[in-house]
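Presented sequentially are two complexes of chain A, the first with chain B as partner and the second with chain C.
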Partner chain A sequence: MLKYTLHRLLTGLITVFFIATITFAAMHLVPGDPISGAKAMSPEIRANLERKYGLDQPVLHQYKVYLTNIVKGDFGISYTQQNRSVNDIIRDHFPVSATLGVLAILIAAFGGVIFGSLTALFRNKAPDHLIMFLVILGISVPSFVFAALGQYGVTELNRFTGKDILPVGGWGTLSHMLLPSLVLGLGTMAFLVRLMRSSILEVMNLDYVRTAKAKGLSPMRIFLGHKLRNAVLPVITVLGPAIAAITTGGFVVESVFAIPGLGRYFVQAVQQLDYTVIMGLTVFYGSFLVFMVIAVDIIYGLIDPRISVAKRSAV
Partner chain B sequence: MSQTFSGDSGVAEAVKSSDLHPGTGAAFNADDFEPAVRINRFQGLSRPSLSYWSDAWMRPKKNRKATVSLAMVVFLALFTLVGPFLWRIDPSAQDMARISEGPTFAKTAVVIDEAASWTAPELSGIPAAPTASAENLLAPATLEADGVPSSQAVRLKWAPVTGASAYAVYRSETKPSGKVGTSELGVPIGEVDAGNKVGYEDTFNLERSEYFYSIVPKNGEEASKFTTLRVVLPSTIALSAAQALKSDIKVGETLHLSAHPFGTDYLGRDLLSRLMSGARVSLFIGFFAPLVMIFLGIVIGGAAGYTGGRTDNLLMAFADFVLALPFLLFMILFKIAFGVGAGESGIFPMLVAMVILSWPSSARLVRGQILQLRESEFVMASKLLGARPIYLLFRHLLPNTMGVILVSLTFAIPSAIFTEAFLSFIGMGVAPPTPSWGSMCNDGIQTFLTHPHEFLFPAIFISITVLSFNLLGDGLRDALDPRMRSTS
Partner chain C sequence: MKNSTLVIFMQLTATVALTTPGLTSSALAATGSANKTLSYALSTEPPQLNSLKSTDTESFFILGHTMEGLTRYGKSGEIVPGVAEKWTMNDQGATFTLRKNAKWSDGKPVTAKDFLFSWRALVNPKTASEYAFIMYPVKNAEAINKGKLDPKELGVSAPDDYTVKVVFEKPCGYFLGLTAFGSFMPIREDFYNSKKDRYAADAGDLVYNGPFMLTKWTHGASLALDKNPNYWNKDRIALDRIDIPYITPDNNARFNFFKDNKVDLLETLNKDDLQKAQAERLKMKNFADGTLLFLEFNFRDKRPTANKNLRKAIASVFNADEYVNRVVGIPGTKAGLGLIPQWLRGSKDLFRKEHPMAARKANVAEGKKLIELAKKEMGVTSIPPLVWLTGDTPLSAKEAEYFQSLLKTTLGLELKIDKQIFKQRLAKMSAGDFDIVAAGWGPDYSDPMTFAELMTSWNENNRGQYKNAAYDKLIRSAQATAHATTRMTAMADAEKLAIDDFAILPLFERTKVYVHHDRVEGIVRHAVGPDPDFTMASIKTTKQ
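Our next item is the complex of A and B:
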């Protein structure tokens, strides 16, 4: 297990290194350069700016500086907001995105398990058909549509009651988080419901379930103690990709709901071509996602004793 | 050997025929040496044999959801390919007189003269700047339209409020409920800066058929009381604009305007024709990215699976590495790196980025299938009979992975459409003049609260397309891949 963990961490580090390199290469392939923006500037100012950002150095030297800075945890200074470092931006805005993401994951996981169990319990009956119909909708409708419709619904609700029941956008209190995290988690929830349903149907007729029945356990105890416990494991495996989906989904949801999270910042930086911010946030997001997936894999190995991840990795 | 050809029944028949001559001993007749008649009475096939593909074709036909979604896909293809020939409105033609209009079919407009200049009535005998605190101000006693309101100008007249030094004019598209105070009166479109000026002319973007105007008296601050007037605008068109459409038209005549079944967008462009040309972009990416991706996957996965050993390890390690890259993040990064010049749509860079990042999943799939099949009996038999590797690969291995490949292709299409919509929505997709469903959603969401159709129509099209491909994929999976048949 330790060997496996170390191996995964090492490959993770290599992946992060490549992410950093590709990001650097991609940003240097962009036609034009970061300072030649809309404003015309004198050669002196230009030279000064180039010195400030180290753009007067050869590319290989820039690459070396870039890598050493990343190892030190320094992502540089923003081009469009010249007194703000990328580290400041991450420190200020990542907690907002993380809160939103964790809430969305929780909603998705609990909703997925509960609704998935319901569909399996009421298999081929009305609740099953209804939930599976909603699931197909949840998978097929883009998150920005849910975001817009949710916002519209809240506006109408507030208008109808004449009170501010839920805020339409912004950030601060729990009521601000409710709608965005629900919208953000919806797609993942739909996916998890599907997974949960087939997973429960799979364990439905296994030997230990029959044994539990023969022992005379109540249906509820069989369901909670035997079926659900074994069926819920696959949900954990997809949490890694789910975290990735929710993180990138945050780009849209944060933009629509005007939430000051890192995702909205990333989208802004991309639209304004703020090179250091794009590079810094890509490396940050990339390493975050890579290590999240690794963490989920390791946790999965710890939880389910039947699966030896170490053996699986040898194949 | 003969048993395999004639079968059990044939043998049984042969034994019986010798029993017919028990006493003849060594005497053989010539017909004893006739070959036994082969009677395949029990062997006969009661119905035509069902091949893999004809079985696959029958299954979705039984599956109602899959049939409906197949019909939807056909409809979408027709909409995209044939639609522009039937609905010949230029998707980039702007009609500034009809901005953000809801769906219209047979709209007519009365031609009116150009609006003459108008000045707000000024009352004498009332001080222009009196003093009264804002909370004591009353609402204007009357509020009416001066003359016939038209889509060029709405002229308002109201009774003066004693103590007011100014009036704020609000315009709303919905009726204020009166519950929330002045916060829901809509847009503050203007202000009259004297207490004795009691008129206002609104000429700003009058595009809807109904407005609610509210007058709030002011003195320093706004009062909490106001008067609201509902103004219905008849559909009118200015003479100069009408003459551009039909040269011999005169004031007072009725003009038939072109229909916009899905309305117009914020630049007055026909939404239906934009949806059609947007479909071309969205579906083009949705089809071609998966196709190229699957092709690459077959080549790389096939090579890795068939050769095995070091090549396999190397290729799969590379695939794993690409899979570990965060997909959307790198889509955005590649999009920036490719750079889109002026006048380019940016479709090609998006395709390339999508293929570069998504081939590993299909390569892994193909490799896994080929690894499995390589060890199966029929492949070994074929090898034993001297089949060459190329023949093996194209005759046995790849055709048998086709089902799985087709299923993953169907599921790759909606996810490619989703990716395109997502990127275009955050402004990182197709460059502006070219419409795509995602970028139309991005344009539409800005005015979602006032003109929902601009957002809803492209959103509905994205959803329906993704939905049909998902259902079709489910149906195909049931049909083509016996192991993955869903448990319902």
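Our next item is the complex of A and C:
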């Protein structure tokens, strides 16, 4: 088990190294640079800036400096926010994105399992049709539409009642998080409902379910102890990447609800070609995703005794 | 486009109510009102607040409220005394007398040394300030910035603590306006050095000499400005607090915050918002934000747009009024006439009134003749598709499609639309990788020169590399004197040359439509200077 984990971590590190290198190359291949602004600069002013940021050095040298700093855990200073380090930006804003993401994932996972089970139990009946209709909506409508609609709804609700039922935006309390995390989790929830439904339908007629029925167990015990436990595994598999995707992909929701999350900085950095922030956040997110996938694989093994991760690593 | 700003005068704030009559001037903010807080949402957060490095609208907005230069912008954008209570100026230089009661937020006096320090630091190549060029009218500034002289050689001195003496490099008719600009704000040396690289990174890393102090700054989330008790003119400031609870680039979201009464001002409405605002019966006002939008042609060798008849043909089929109505669609928008927008002042009156320019009428028949002429001159039977470089906003797309269909149906010209995100577009503009680029220019200071200098051969912002020796000569002559009529006439002559040469095709002068709640009054909008300006705003007392 330990050997397996170490092995996975090592390959993970190599993956992150490749992510860093490819991002560095891609970033420098794109036309433009971080210091140019809407107004053109004289060559002297430009030279002053390039000197200050070390952009006058050869690219390979920049790459070396950059890698050395990453190993030291220093992502450098942002080009646009000239006196904030990338480490500061991650420290200040990742917790916000993570809180939002975890809440969204919780909503998505619970909703997915519950509604997915319902559709399976009421297969081809009214609840199934209704939920599956909503699921298709949830999958096909992008989150910015839900975000805008949700915000509009809350604004009108507050106006209609003359009270602050829910905040329209901002960050701070649980009430600020409710709507954004629901909106953010909706797409994943819809996906999980479908996954859960097919997964339960699959185990429905398996031998051990029939055995349980023959033993005379109550339908509830059969469902919880036999169907659900086995059907929930695929959901857990996709949860890892989903957590990473949700925590990193909240840009639209963050901007609609004026939430100071990391996603916004990432998008801004790409638009501004803020080299250090792009690199820092890519490496950070890359490591996060790699770590989540490894973590899920390990947890998977713990939940399902049939899978032995240690044995797999020996292959 | 960064609307870097500075202004001297003009009646930009003359607002127009679009749906219903404007605000009635009822009770002014009474003293003793419990809640004298104005709330506002920013679209992006200021990157940092070191005035030596600021280039963006948001930073200049905060700095305009928390800092004060020798002068500041008045209600109509005119220059009024700031830290300086009086001044004298001539062709060679200027002398400013500082008021003795100007203080920093920690109670220490604002002295001439604070200006010396920040002005020298701005041009010091080690600071690497993007806006160093704005100091170039001061003697030796350019040489210092190029590393040829020591910053101490800058033509500014302090004979005593309350006098700032400036020597000009060459006569500068608009210098007074510059002293209100963000880059000219004072910085206290001891404080600056004590913070090192952290200066202005957070609310506690700044010391203020303006009407407000930044008391809260949660990055990416919110800011708050409280009235500065040490500000010399604090009795004239009606607001206790400017609260910025939201930062989001999402227009729709800011509209919802406004509807939810969480912010008092929505500083700009786009075309979609207009309909919503009309449905809500909001009182809309508009103002010209100073920016001129235009098409820039590429004059580099082998570019088809280097042919004058081709450019003239394009200009002939363009109907500015139709374009403003159908594409821009913001009420109050003025069709572009020349290179110098209509809000700028000349020697006595508006520049455009002193130097009128006739609006061009569309003439398709003439355009068709010109395009045949152009083909003959180029020795081709058909003109290759023109590369139209533009940005990624909805308006850019609409504009590109409009011209694509216009030029195709009238002149048979094909446009290849090259839509790029900001930085890539900049890179392509600088590299000359286009035939026509949809460009814009916001003023750095309130003098026609900020526009007139654009098309000179030495200007890096002249991305099409238009070159005209006569134009250059006229601009140099305008820059050699502070005599208003001489300068304005030279600039008007130069402008005429560029327009007759079709160096650019002016499209429109941007107008912003905004709304604010009735409880607030005295919000001032500037084309140059901190925008919006809340220093003269107040909260109306409501009868309970």
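Just so it is clear, the second predicted complex is superposed on the first by the 292 of 315 C-alpha atoms of A that agree within 3 Å, B and C clash if a C-alpha of one lies under 4 Å from a C-alpha of the other, contacts with A are read in each partner's own complex, and residues count from 1 in each chain.
What we mean here is this: contacts are C-beta pairs under 8 Å (C-beta built on N, C-alpha and C of every residue); 3 or more make two chains touch, one makes a residue touch a chain.
All of these numbers come straight from a predicted model, not from anything done at the bench.
J.: Judging by the criteria at the top, classify the pair chain B and chain C on chain A as clash or fit.
T.: clash
J.: May I ask you to decide whether A:Trp171 touches chain B, chain C, both, or neither, giving the answer as first, second, both or neither?
T.: Only chain C; A:Trp171 stays clear of chain B.
J.: Is A:Tyr63 in contact with chain B, with chain C, with both, or with neither (first, second, both, neither)?
T.: neither
J.: Where does A:Lys52 make contact in the superposed view: on chain B (first), on chain C (second), on both, or on neither?
T.: second
J.: Contacts for A:Tyr300 in the overlay, against chain B (first) and chain C (second): which applies, first, second, both or neither?
T.: Neither partner.
J.: Contact-wise, after the overlay, does A:Phe291 reach chain B, chain C, both or neither (first, second, both, neither)?
T.: neither
J.: A:Leu29 in the overlay: touching chain B, chain C, both, or neither? Say first, second, both or neither.
T.: A:Leu29: touches chain B, not chain C.
J.: Check the residue A:Ile278 against both partner chains and state whether it touches chain B (first), chain C (second), both, or neither.
T.: first
J.: Of the two partner chains, chain B (first) and chain C (second), which one does A:Asn83 touch, if any: first, second, both, or neither?
T.: Second partner only.
J.: In the overlaid three-chain picture, which partner chain does A:Phe17 touch, first (chain B) or second (chain C), both, or neither?
T.: neither
J.: Choose the clashing stretch of chain B with respect to chain C from the list 25-33, 187-195 or 295-303.
T.: The superposed arrangement places chain B into chain C at 187-195.
J.: Please identify the positions on chain A that touch both chain B and chain C, taking each partner from its own complex.
T.: On chain A, the overlap between the chain B and chain C contacts is residues 30-32, 148, 151-152, 155, 159, 255-256, 271, 273.
J.: Help me check something: in the complex, which residues belonging to chain C touch chain A?
T.: Within the complex, chain C contacts chain A at residues 1-2, 4, 41, 44, 47-48, 50, 53, 55, 125-130, 132-133, 145-147, 197-201, 218-222, 245-250, 252-253, 256-257, 259-260, 262, 421-424, 426-428, 430-431, 444, 459-461, 463.
J.: Can you check the complex and tell me which residues of chain B touch chain A?
T.: Those residues of chain B that touch chain A are 177, 179-180, 184, 321, 324-330, 332-334, 336-339, 341, 414, 418, 421-422, 425-428, 441, 445, 448-449, 452, 455, 459, 462-464, 466-467, 470-471, 486-488.
J.: What residues of chain A sit close enough to touch chain C in their complex?
T.: Per the stated touch rule, the residues are 30-33, 35-42, 44-45, 48-49, 51-52, 77-78, 80-84, 89, 92-93, 148, 151-152, 155, 158-159, 168-171, 255-261, 264-265, 268, 271-273.
J.: For chain A, which residues are in contact with chain B within the complex?
T.: 15, 18-19, 22-23, 25-27, 29-32, 123-124, 136-137, 139-142, 144-145, 148, 151-152, 155, 159, 162, 198, 201-202, 244, 248, 251-252, 255-256, 267, 270-271, 273, 278, 282, 285-286, 289-290, 293
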